[in-house]
Each structure stands twice: as structure tokens, then as C-alpha cells.
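Okay, so chain A shows up in both of these, paired with chain B first and chain C after.
After this line comes the complex of A and B, so read on.
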């Protein structure tokens, strides 16, 4: 700005350090608007979470007497809520230390199984020639349009009764009754089924974008389809796999509906989300534990998000823009 | 080591495009054969059929004594070098080179020795433990070569392996690949669109155009005795000059080109018995640029083998002077049509001749100059069939 003082005066107009053309000033102010709006959104979305954190650290009496912001004027914090929620919740609620492990027992297979299947399927759709490949792929993608809610009841019937076809007088068993309801595998399979179409779609886009030459070189070097898949495709598709894994894991971890339908009768196997709801409904008791319990269930998603955030950005762009 | 034979091989794609027509090609054991042609001429398709990356629509492919039409690429005992190198980006140079051996369950110790031997040969030893992403173009090219030689295959197949390198490196790698091939003695089929690469590297060169094989011969024979107009114009830079001429065999045999008369030595006629049938007819006369010389430097008593043309451009290269000159003659229609079906050169006044002259030449731009023609080395073609007139 100071250099303007020494600028030659032209056309009789003096342009001082504090006077810039109106157009430039407007542009400067307007260009800050998006950033301002973003900050506003960040604050709006963070405040409730922050309030939840503060509340979870206040005693039952403090929680009843006033809102979380009173902690600023009268700071007194305790970990008692966390202790109770984790190890001795009231009523019939499973301790959160246990349901925390249950959540992992659901989310880890619920992530690995669909990815394993989707990788193989995506490779096949992208690089193997077989009859009907195109229409089969479209069929898989069309599955993304099926709402989860619509398939819950049929799926539960399938789990508990199998599938039968009665023709004339005789009944054929298409799928035997495997009595899967209220077992963790019921939830794994459901998450696998609902996660697969998107997984296949994302991984297919990425894998199909890998250079053809590399596959041909591997074929000449002596690799069969499995060799190419295992030694070339999987290592190269890591960013896409990581991105989808994060999404699938978070989705399964935060899922309530599927666990409620297929697993809620089995208290010892039920995940955090189910137990979180049970906490409130037990005759008003334990409401003070809710913020702490909610935070326990949020810990894993937060850790995953912050530690792997670069994959969120990179992984989903990958495939759309060739590197 | 093995011989590669393509017997009447055809490639027709599913969409009906006929990429390769009745290709007959024989690569001798240990030979370096270059397949050259413009892009889209089917040369890469032919190579990929030998590799097994494309199916063979019709015909027979043998490597050694074995018919390979339906053999999987990995069982053909070939190595392929790709234009883009196709290195495995997630593996180190060592793993890239050793990948094929690893898949063949070669003992680890042997893989190590063979990879290191290949690396030494290609001066890659220091780069063995880094990944391809950190290598320069030339180094990647070497890794691709290393991947091919470590296998000790019967046949090397190379698809324009030098086209992604800069000019200087290309010349260097050209020599290096030739030396390597010579030392290893592996039968090699090499595809390129660059006729200089073809001429300098190949023991023999096969010229292809529009899916058809035009001619296979040693580089010198292709240059000296092109079978047809296509090969005549494709091989050699600057291109062979082409003009229409009328042959007269009574008395002193001579050609009339434009206003000029070129006497032909009897030996030229004798060497081409088929020329008898062209007495009094028009044919296409081909003159290599070096067959034209400044008449002031090359005496032509009687002026029976020289032509006059207006110099339009003079490029001094030190060792020689390349002169572009407009000659009042007729360009062959057939040749123009071959290059571009829509071209109508009929009405054009004159032919542009390119001459490589001795640097002492005195020709000046915008002035008429006399050029003597080396009539011993004329090329004569039938204007209908475009074939060379010989026997």
C-alpha cells in the first residue's frame, strides 16, 4: 500500500492508501463471504457436539439444574457418567464396554466381507470378458435404488424360515431355514448386501481406470486372472478400497435400523446404537448417562475421520480423474 | 531361440474392421525384424497377435515348431516391451524385473542372480530398490527391457518402445537395443512408425500399409529396390521425387519428362526386361534426392541426362545442401491418390523436386538451375498398379 504514495498522479485523481476503486473493494468483501458462511456452518454444527461433551462431564444434579453453558460460570466436571455408562448402567442395559466390543464385532466383518466380494466383482466387471457382463453390471447398479426398508421384512422371513416353493402338492426348499435371526451373522449379511452395489460401483470405476498395458504385461509375465487381481489390482486399488472401507465402516458402526430388526432380541450381541436407545427408555432412569454414552459411541468415528481424512478426499476423487 | 512364422494371418475386429490382411511374415531365428508403417496400418495389431494379446481371426502363427494360435500369452515364451513401458507402479525395479520369474516359481536365489545380471547389463543396479514413479523416461525404458531379457524368452516383441523418449535418448537407446539384441541373439519383432529406426535397427524391414504387407527386405534393398510406389516414398528422407515420364525404346532409349529428355543407359533397360512392354507409354519415374546433382559440378556432355528447375528453397546442412526446386512436369496422379484420395494434383503446374547437392553447389533461390540425373539409379513404376517395373 505504501508504494502507492510514490505513484505518479494521473488525470488529477489522487489515489491514497485508504482509497481503492469501489469495484475492487466490493470484490474483496464479497470474496470473503463464502469463507464467512463456512465458518458460520462450522460453528452451528460444532456447538451442539461441544455442548454434548460438556454435559457428559457434568454430574446428574448439575445437568438438571441448568444448561451446559453454566459450566463456564460454575465449572465442575466429573467422569462419573462415563464410569457408570461403561461398567454399570441401570436397568437391563448391557454395559457400554461390552456393546462397544459388539459394535466392533459387527462393523469389522460388515466392512471386510462386502469389500472382499466387491473387489473381486469390480475386477471381473472391469477386466473379464463374459457374456451378459454389461447387463449384469447395470443390474447391480440398479440395486442401489432399492430402499433398505423395503427389503427388511422379506429378509427377516428368509432368515427365520428359508424360502419354499409349493407346486401342485409338493414343496421345494429353495433356501433352507438357517435360523439366522438375532445372530451377528444376520447383521453382517444384511450390511454386506446393502453395501455391495455402491462398493462394486466405486471400485469398478477405479479398477477400470487402471492402464490396460499393465494388465497385458502381467498376462505375458505369466499371471492368470487371480494373479493379476491379487498382485496388481489389489495393491493399485488401495486408495479406493481405503475410501470405501471408511464409509462402510462408519455406516455400519452408526447403523441402528438393521441391528434393531435382526439383533435387538439378543442383548449380549447388540451394538452401541441399540443400547443407547435402551438407556433412555428404561423408566427415565439413566438419562444423565446419555451424553456420556453418546460420546463413547462417537469416539471411533471421530478417530477414524481425523486419522484417515486424507483418504476421504483423495479416495472418492480417485477414478473420476486419472492421475 | 526360435523362428516366428505368420502364415496368411488376418485380423477382423468384431465391428467388422479388417485390420490385417493375409499377412505372411517369417522372422528367422535370431533375426531383428522391424515392422514399420504409418499409424493405423495394422503393425501393432500384428505384433499383438503374435503376443497373444489379440486373437487371430484367420491364418496360422507358429513360434519354433509350435502352432500358437490358441496358446495363452504366458505359454508362448515371449517377452513384450510396451510403448508406455507398462511397469507395475507399486513394485520396486527389482520386483518389476523379477515378477515373471516369481510367477514361474523360480527359486529366490536364482531370481536374485538373474535380476542383478539383467540390471548390470542395463546399468540399473543402483536403481533396483526404487519404484518406477521416481525414474526418468529413459530409466523406465531400461526397466521395461530388463523385464523382457530376464525371462530369456524365445522371442522379443517390442511395440514402439522408443517413441516416448526425447530425440537424443532415442538415438542412444536405439544403439543399445540393437547391441543387446545382437549379444543375446534373441529373435526380435520390433514395431515402429519411424523409418529411421527401422532402417538403422532392422536386419530386415517389413513395410505395412492399410493392413497389407508391402515389402520385406534388408534396409538397403528396400531403399535400392522398392517393390512399389508406397515403399519407394515411405523409405528414405527426404522422399523420393516422383514425376510422370514417357518411355521411348527405339534408337537410344530415353524418357521424356516435361520438356526434357533423359537418355537411359542400355544396362538399365537390360536389367528390367518388363520395360519392353512400356515402349511409348507413360510411367512413373522415381528419382532419389541424392540422384540429382548440380550440373555445374557433374559434367553432362550433350545435356542428355539433365533437367532444369527453378530453385525455391535452399537449406544448407554443412555436409550437403538440400534444394527444393519447381520442375515443369506432371506429378503422378496415382501417387497423390495413394496418399490422399481427395487430392487432385492433375491441374497443378509442376512438381516439387528435392535434391541433395554437394555443398559446393552454386544454385540460388529464385533462379533456374540445371540438375544432372543419375540415370543408372532411376526407379520406374507402372502408374496403374503402382508396382515397380522390373522383370
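After this line comes the complex of A and C, so read on.
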């Protein structure tokens, strides 16, 4: 502060060789304002997560006696909350070690199946000629914006009762009753359908941009369509596949609604998000475990985010800027 | 142990599905005679995808629309428009009771004042006797904030889940985009740009449910089990439950929206930052040679170049926000005047009232339709 207070006096009277003009100095200070504002916002943005991380490492007694900022004056940390949340949470909550694995049971199939199916469809849209291609693709585009809420009631009925068609007094079974409700497969089948429009769209954009020569060279060498798809399209489309895979995996891992609809009656198969909300709403019991439980649910997304951020951003840009 | 076994089974099923799909494609494309092959091959590659889309999205969507026009909880009672007239006439869905209060709202007054400021600035910017110049920074910002203020005045006065959903769209899409643009500009050319962007972008990776827990520890009221959130510590007045308190309703909605802005500003920043870096540097340099300063280069060269990207960000956010569910469920569960359409869809479905649930779902679809139309129109030019 003193330098600022002195500036008008000394700067105005004598401008020595070591003294810069007032105008320049103000400009130098002002030019740092944007960076200062940026980092102020960065700090504001990070404080909530940081506070929760610190809280998760404090004992129950410490959490009740004061906020996480007291850890700076009186540092004492423990992993007790993580231990309890993972292996012995209070009252009806499934141990988070189990729901952690359950989340993989949903997220792995919910990622690889839509990608495989979308790759095949995207290749057809991009490099095969057939009637109705244009309108079918517009249909796929339209479905990208259809809210998942439009599918919830019918899918639940389909899972528990199958699909029937009644024509002229006789009933045909189109899809038998498979009793899928409250099984992980119900969730990842739904995620497959919901993820497909974006997957087909992103992969189509990428595959359609591959050079034509590559395909012609392969055809001259005698490769059939599947050979081209398997040996040329899939390897070349790897960046796009990786970008979408990260996107879809995080989406399925972080999903709450779909699991809540199709799986919440089956406690033992429920993923992290459901158990986390159960802990939030079970008033009083296990509140001290909540920060630790939240971080257990975030650790996989955070690892993916920090290690594969480049692909994540690429997928995001392909999905919104180009589209 | 059960969880592990179940995971292995699910992953094996998934791998079998994918492997089976590729083997089947290979066999058929290998063996089929050429002429037959050319016709049927596209449909083999498209088949599995179309099957999932039709069974999982198209047929359910049609069925949901049909259910919204049928009576009884499970749609067994024939055609009726009662679901629609009943819900749209309900005060909890679409109330106009307090429409008169909008006129006396302070936000509306602020909006009108800002419009005046904007017009004055437009006059002055154009110079004497030259009409108005709408493309100057002051006018742009003033009119933008005025629009936001007027819409906030409308949606915080009119109550009901549909108004609430629209309020969400305006606040989150508007502010997240504005924040994202500001951050993209601030971060551009600054030192440690990548680190700053990563930290702001990080909330995008975590679940909405996790975000709700993070912010619970900001908003919490001190109790015997918890020591109160950060915001209550720095808040000058009495302790407030920022999510439920009757004294701040309906502005408790705003505190839930803040969580969504916290998440989505990073998305807007990353997309807009890429767009700004994509603007040819020659354009800015040419303007500088002509004597433009940094601000003028931004408002008159960069901004017009990224307008289409800004629109993409706004439409993407609008679709996301219209479906908002997790945040509301995990914070208030829809009580204290915070309910939204997607939460009604879930609550009525859980309660076994499938026709009402479907009607709420179609309401979300109707709100999404304009965005869907814009998206398709934009993309059709690319496909051709």
C-alpha cells in the first residue's frame, strides 16, 4: 500500500532513472487485474470441493465443533470416515465398497455396448448408400434432444411386462416379459439406447471425414466391408471412440435418475449415486460420513478427468462446436 | 463379493454382445452373394442401433404421448384431455395469480433503467445526428443484463413448476454462458491458463449428486450434527437455510441454480475458449493497425466471429437444464417451492400415476422442441 500512496508525490516531482512514470506504473498494475480476477474466481470455484475434502478427513467430533477451516489452526486428520463409509456405514446403507463395484457393473457395459453398436451404424451412415439415409440420420439428430423422461414409463412397463401387439382379436408377443426391473442389465440397456444418438452422431462426423483413398485402396486389395470396418475404420476412429467413451462412461457413472427408476428397489445392486443420496436423506445418521462418501463416488471421474482431459475436451468440442 | 460376481457377469454379457455383433457382421458380409449383399449390408450395420433406438426411444416416446391423453393411472380408461387441462389449470404447475406483482417488481424497474442506459449509450456511440449504434459494449451489456433482469422478475413472481423450469433455463443458460465467456477471455493469454481452466472445468466431471453434497456443506444451517456451512458463517444476518427457508422463497431456487452454474460455466468456458482461439489472429491485428484497442477488438471482431458458438452453448445448456432432476432431488426433493417438471415426472411415476407422469414428460418435450428444431436446421446444412 505504501508504494501506491507514495506514487503521486515522488513520481510527480522527480522522475529519476530508477523511477518509472506514474502512467506506466498504473498501466502495469492494471494489466495484472485480469489475471488477479481470474485467480480469484478460480479460488472461489475450488473452495467448495476443497472444503469438502478437508471435512472428509476430520473426525466426527471435529466436524461438529467447527468448520473445515479450523483444520488450519488445529490440524488433526483421520481416515476413519472413509473406513466407515466403505465397510460399515450406519443403518440400511449398502457399504460404499459394494456400491463402488456396482457402479462398474453398470458403467462398463453401458459404455462399450453403445460404442460398438454406434461404430457400425456410423460407418453405414457415412460410407454406404441406401434409401432413406438422409431422413434416418435427421431422425437420429432429433433423438439427441428428446428428454429421457419420455422413455421412463414405457421402458419400466416393457421390462416388467414385455411388449404385446393385439391385432384382430389375437395377441402377439413382440418382446417377452424378461423381468429385468431392479437388475443392473435394465440400467445399462437403457443407457445404451439413450447414449446411441450422440454416439452415432459424433462417430459419424469423424468417420465421414476419413479420406476416401484409404477405403478405395483397401477395396482394391480385396477387403470386404467388414474387413474395412474392422481393420481401417475402427483403428482410424480411435480418437473419436476414446473421446466418446470417456463422455459416456462419466455420464453413466454419474447418472442418478436411470438407476433410481430401474434399480432402486434392489439395494444390493445399487450404484454410488443412489447410496450417496440415501445417506444425504437419512437425517442425522452418518452425516459425518457424507463428505468421505461423496469423494468415494467422485474418485473415478476425477482420475479420468485429470488423466484424460484432452480426450474429454475433444469429445465436448466435437459434440457442441461442430454440431 | 456378490457385487463383484454381478459385475463380472454384466461385463461378460456386454463383451459377448459386442463380440457376437461383430462376428455376425463378418460372417454375413463374407458369405452373402454380391448383389444381395449391396442391398442388405447397410441394414446389417444399422440394425442393432436402429433396434435400440426404436425400442428404447421412438416407441416409448410415442407411447408416452398417447398415455398423456388417456384416463386412469395406467392409461386403461380411454381418450381424455383431463391430464392436460387438470395440470395446466393447477396452481402448482402454471399459476398466473401474481402476474400483477411483476409491474411493481424492483427487478423490472432495474431492467427498464438498463434499457434506457443502453439506448443512451447507443445514441452517444453513433455520434451526433447519426441515429443509434447498437454494437457498442455498454449497449450490449446493458441490454443483456436488462433482459435477464426482466425475465428474472417474471419467473420469480409467477410460480408453478413450468415457470420454475423456465427460470432455471434463463438463469443457468444465461449466467453460465456469460461466466464462461468472461473466464475464456480472462484466461486467454494469461500465465498458467491450462491450470486455471482445469480447476474451473473440474466440476463437469463429477456427478450432480456429488455436487449437491459439496454445496450442502456451503449452505448448511448449524445444528447438533453439523457445524454450519461456509455461507452461513460469512452471511451477515441470522442463520438461514438457503435451500428451504420460507423467508427467502422463491430465491432459494436461485441457490440451487448456483450449483448448476458452478458446474456448467466450465463447459461454456472450454467451448468458447476454443472458439476464441479459432478466430484468425489477422483479423484482430488488422483492427489494431486501424487503431482499435483491446476492448474494441473483442466487441467488434472476436465476438461477432463466435456468435454461432455462443448460440450452440446456450442451446446445449437449455436442453440440459430443462431436464434438471438430480440437483433438485438431492438438495430439497422439490419442497419449499423448488419443484421442477423432471422431479414431478419421477414422483408421479413412483406413485404409480403413469398418465400424469407421462403428461409432465411431454411438457418437457414441448419445451425442448424449439431447440430440437434449431439443432436439426443447423446440422442439415452440414449433411448436404
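Quick note on the criterion: the second predicted complex is superposed on the first by the 268 of 323 C-alpha atoms of A that agree within 3 Å, B and C clash if a C-alpha of one lies under 4 Å from a C-alpha of the other, contacts with A are read in each partner's own complex, and residues count from 1 in each chain.
Keep this in mind: a residue touches a chain if its C-beta (ideal position, glycine included) is under 8 Å from a C-beta of that chain, and two chains touch if they have at least 3 such contacts.
Quick caveat, the model's predicted, so the values are computed rather than measured.
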Overlay on chain A: chain C relative to chain B, clash or fit: fit
First, second, both or neither for A:235, with chain B first and chain C second: first
First, second, both or neither for A:277, with chain B first and chain C second: second
Contacts of A:213 with chain B and chain C, given as first, second, both or neither: first
Chain A residues touched - chain C or chain B, whichever exceeds: C
Partner chain(s) touched by A:141 [first = chain B, second = chain C, both, neither]: second
Partner chain in contact with A:102 - chain B first, chain C second, else both or neither: second
Chain B versus chain C as contact partner of A:173, first or second or both or neither: neither
Which superposed partner A:193 touches (first chain B, second chain C, both, neither): second
Shortest span in Å between Cα atoms of chain B and of chain C, once chain A is used as the common reference: 8
Intersection of the chain A residues that touch chain B with those that touch chain C: 224
Interface residues, chain B side, partner chain A - complex: 51-53, 72-74, 78-80, 82-90, 99-100, 103-104, 147, 151
List of chain C residues in touch with chain A within their complex: 2-4, 6-7, 9-11, 13-15, 17-18, 21-22, 25-26, 29-30, 41-43, 45-46, 48-50, 52-53, 55-61, 63-64, 67, 183, 185-187, 190-191, 196, 198-210, 212-218, 224-230, 233, 262, 265, 267, 270-271, 274-275, 309, 312-313, 316, 319, 322-323, 325-326, 329-330, 333, 341-342, 345-346, 349, 354, 357-358, 360-362, 364-365, 368, 371-372, 375-376, 378-380, 382-383
Sites on chain A touched by chain C in the complex: 34-35, 37-39, 41-42, 45-49, 51-52, 55, 63-69, 98-99, 101-102, 104-106, 108-109, 112-114, 116-118, 120-121, 123-125, 128-130, 133-134, 136-138, 140-158, 175, 184-185, 188-190, 192-194, 196-197, 200, 224-226, 229-230, 250, 253-257, 260-261, 268-269, 273, 276-277, 280-281, 284, 287-288, 290-291, 293-294, 297-298, 301-302, 304-306, 309, 312-313, 316-317, 320-323
Residue numbers on chain A that touch chain B, as the complex places them: 211, 213-214, 216-224, 227, 231-232, 235-236
